[in-house]
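First chain A sits with chain B, and in the next complex the same chain sits with chain C.
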Partner chain A sequence: MLSLITDLTFLFFVVVTLGGAVMAVGLKNIFHNALSLALTLFGTAGIFIFLRSEFVALIQILIYAGAISIAIIFAIMLSPSLSLKPSKRSVTKILISLSVSLLVFVALSYIFIHTPWVVLPEMVGDNSVKHIGEVIIQRYAFAFELISVVLLVSILGSLVIAQKDKKTTIQDSPND
Partner chain B sequence: MNELLFEGMNIAVTAVVVFGFVSINALVLVYAERKVSAHIQRRLGPMHVGPHGIFQTIADAIKLLGKEQIIPKNVNKFLFIQAPLLAFFPALLLFIVMPFGENLIIKDLNVGLLYLFSFASIEVIAIFMAGWASNNKYSLLGAMRSVAQVIAYEVPLLLSALSVVFMVGSLKMTELVAYQDQFWVVLMQPIAFIIFMISGLAETNRAPFDLPEAESELVAGFLTEYSGMRYALFFLAEYTNVFLLSCVTTALFLGGWQGPFVDGIHWFLLKVYFLVFVIIWIRWTFPRLRPDQLMNFCWKILTPIAILNLLITAVVLKL
Partner chain C sequence: MINDITPYLILSAALFCIGLYGLLARRSLIGILIATELILNAANINFLTFSRFMDVDKAVGQIFTLFVIALAAAEVAVGLSIVLVVYRNFNTINVEKMDHLKG
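This part shows the complex of A and B:
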C-alpha cells in the first residue's frame, strides 16, 4: 500500500515534469510556454524530494520556479511583439534546437550508463546544506568562481544590449 | 496498514485545522484592519452587526460566498480560474514549518527557513497569471508592478534573514527560535530586523508598498476583473501572508514562543498579533510610494545596507 502511494506520487511528478516540458515546447502561446516551464521545474523539485534532497528541491523552487521563470515571463511582457501574436516557427530553428538537445541527451545518457552507481544506505535527514557548502567552497571552488564570472558577464552583456537600443538617455527623476 | 491510516488521518486533521485557522484568522484580521483604520481616522468603523460590529466580516464573507461568479468574456478562462487558487495555496503550505511552540510545529524541516522563502516566491506566478489572464491593461500593469516589486524586495529580505542564519548556524525553525532563550535576536540585529520588516511589507503588497493595487491609478491592479469568492481568495491570501510575515519575524527576531513565566504558543501569538497591529498601523499612517521611489529605495538603500550588515555579522562572528 505504502509503496503503491510512493510509486503513484513519483509517477505524478514524472508526468508533471515531462508533460510540462512537452507543453513548454509545443504550445503556441509564449506565455503558456513560460508557465509550463515553471510546471516542469516544480516537477523536478518533486523528484529531488524523492531523492531525499530537500535542500536541492527547495533551491530548485526558489531559484528556477520562483526567479528564473518569472524573469522569462518578464522578458516576454516587456517585448510587446512577443506577447501579442503567436510567433511562427521556422524549420531551421526547430532542426538546430533538436540537434543540440539530442546532443545533450546523448551526452547525459552516456554519462548515466557509464557511471558506476553506488546504492547509498538509508539516509537519515537532510544534511546536504552543510555538505554542499563545503564541497562548493573547497573542491569545486574554481567552477564556483567561474560561474560567478559568467553571471557577471551576462549581467553586463544584458545592460549593454539594453542600452544600445535607446535613442535618448533616460532623464533622472527630479528628486534623485 | 494501520500506521498508514493513522498518518493519513493525521494529515487530514492537520489540513482541516490549518484551513479553519486561516479562515477565522482572516475574518479577525479584516475586522481588526477596519477597526484600527477607523480609529486612526477618528471614525468608529463597523458598528451595526453585533456588538461593535464584530459580526460584520462574517456577514461580508457570507455575502462574498453567495455572489455570482463572474468570468469576463475575453479572459483566458483556465488561468483566470487557477490564479486565485495558486495565490492561496502557498500560503497554506507555509504553515507546515511555522514554529508555534516548542513541539507545536507540523514538520520541523532541516531547511525550514529556505522552505518558507521558496514557497513564498511562488505567489508571484499566481499574480502574473491573474494579471495576464484578465486581459485588462490595469490588471496587467498591476501584475507587472507587483512582480517587479516582489522580486526586488526578495533580495534584502533574504539577505537580512541570512544574517540571523549566520548567527544561529541553522535553517531549522525550532533551532532558530531556541537560540534566543537568553536574548532576542532583534537586540543583536536591529538593522536586519528593520530591513526584514520593510521588505516583508513590500512582499505582501501592503501599503505603503501597495502600488500593484493603487486604486487611484490602476482601479484595483490584478484584482480588477475578479469578483465574488475568487476575489475573496486573493484577500484571504493577503491576510494570511500578513499573518505569516509576522510569524516569521517573531520566530527569527522576537524569540518565538519564548517569554517570561511560561513558554508557549500564547507568547508566540501575542507577538504575532502585535506585529500585525503594527503592520495595519503603518498601512493607515503612511502615504504610498511612487514606483521609481520604490525601486530606488530597494536597490540603492535597503540592499546595500543588508549586504553591509551581513558582512559585519560575518566578520564579528569570526573575530
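This part shows the complex of A and C:
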C-alpha cells in the first residue's frame, strides 16, 4: 500500500516534469513557456527528493524556480514587445528537430535499458547536509571559490552588457 | 519503481530530448534559453541518480549539481542581458533574422 502511494507520487512528479517541459517548448506564447519552465523545475525538485537529495531539492526551488525563472519572466515582462511575437514555425524545421530528438531519445533509452547497472545496496554512504558542507569546503574548496568568482564576473558582465549608453563604457574603461 | 535506476535515467533522457527539440526548433532567443535550462536539469537528474545508486560518497554528486545550478544562474544573467541588447539593436529576438555576419 505504502509502496503504491510512493510510486504514484513519483509518477505524479514525472508527469509534472515532462508535461511542464513539453509545454515549455511547445506553447506559442513565450510567457506561458516561462511559467511552464517553473512548473518543470518544481517537478524536478520532487524527483530530487526521491533521489535522497533534499538539500539540492531545496536549492533547486530557491534558485531555479525562485530566481532563474523569475529573472526570465522579468525580462519578458519588462520588454512588452517581446511577449507579443509568436513567430510562425516552419513545418520542415519542426519535423527535422522532432526526428533528431526522437532518435537521440531512442538511442539513449536503448543504452539505459540494456546496460547491466551495478547498483549499490541501500543506504550506503552519508547524504546529510553536514557531510556536503564538509566536502564542499575541503575537497572542492577551489571549485567553490572559482564559482563565486564566476558569479561575480557574470553579474558585472551582464550589467556592462545591458547598460544603455555605450560611449561612457569606452571612455570609462581604464586602458590607456 | 523508485528503487530502480532505469526510470530516472529514462526521465532525464526524455527531459534532455525535449530540451534538444526546443533548442533546434525555437526561434525566439528566450525560448532557446528556456530549452537550455531543461537540458541542464536533465544533467542534474543524471548526476543525482548516479550519485544515489552508484557512488559511495553521496556528497559528490550533490555538490556537482549545486555547481551546475550556480553556473545556470550565471548563464541566465548574462544570456538575458544579451537578449535585451540584441533586442535593442535588431528590434527582434528571432534568431533567424540575426544574420548580419553572414555577409
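By our rule, the second predicted complex is superposed on the first by the 122 of 176 C-alpha atoms of A that agree within 3 Å, B and C clash if a C-alpha of one lies under 4 Å from a C-alpha of the other, contacts with A are read in each partner's own complex, and residues count from 1 in each chain.
Operating definition for what follows: a contact is a pair of C-beta atoms (placed from the backbone, for glycine too) under 8 Å apart; a residue touches a chain by one contact, two chains touch by 3 or more.
Since this is a predicted model, take the numbers as computed values, not measurements.
Enquirer: Using the touch definition from the top, say if A:2 reaches chain B (first), chain C (second), both or neither.
Expert: It touches chain B, and chain C stays clear.
Enquirer: Scan A:70 for contacts with chain B and chain C and give back first, second, both or neither.
Expert: So A:70 only meets chain B here.
Enquirer: Can you tell me whether chain B or chain C touches more residues on chain A?
Expert: C
Enquirer: Just checking: does A:35 make contact with chain B only, chain C only, both, or neither of them? Give me first, second, both or neither.
Expert: After superposing on A, A:35 lies in contact with chain B but is clear of chain C.
Enquirer: Quick one: classify A:119 as touching chain B (first), chain C (second), both or neither.
Expert: Once the two structures are laid over each other on A, A:119 reaches chain C alone.
Enquirer: A:55 in the overlay: touching chain B, chain C, both, or neither? Say first, second, both or neither.
Expert: Touch partners of A:55: chain B and chain C.
Enquirer: Per the contact definition in the header, classify A:109: touching chain B only (first), chain C only (second), both, or neither.
Expert: second
Enquirer: Which parts of chain A are in contact with chain B and also with chain C?
Expert: Correct list for chain A: 55, 59, 67, 71, 125-127.
Enquirer: Considering only the defined contacts, which chain A positions touch chain C in the complex?
Expert: It comes out as residues 6-7, 10, 14, 17-18, 21-22, 24-25, 30, 33-34, 37, 40-41, 44, 47-48, 50-53, 55-56, 59-60, 63-64, 67-68, 71-72, 75-76, 79, 82, 85, 87, 89, 93-94, 96-98, 100-102, 104-105, 108-109, 112-113, 117-120, 122, 124-127, 131-132, 134-136, 140, 143, 147, 150-151, 154-155, 157-159, 161-162, 164.
Enquirer: Which chain B residues qualify as touching chain A in the complex?
Expert: Residues in contact with chain A: 1, 4, 79, 109-111, 114-115, 117-119, 121-122, 124-125, 128-129, 132, 140, 144, 147-148, 151, 154, 171, 292, 296.
Enquirer: Can you name the residues of chain C that touch chain A in the complex?
Expert: On the chain C side, the touching residues are 1-3, 5-11, 13-22, 24-28, 30-31, 33-35, 37-38, 41, 44-45, 48-49, 51-63, 65-67, 69-78, 80-85, 87-88, 92-94.
Enquirer: Considering only the defined contacts, which chain A positions touch chain B in the complex?
Expert: 1-2, 5, 31, 35, 38, 54-55, 58-59, 61-62, 65-67, 69-71, 73-74, 77, 125-127, 129, 173, 176
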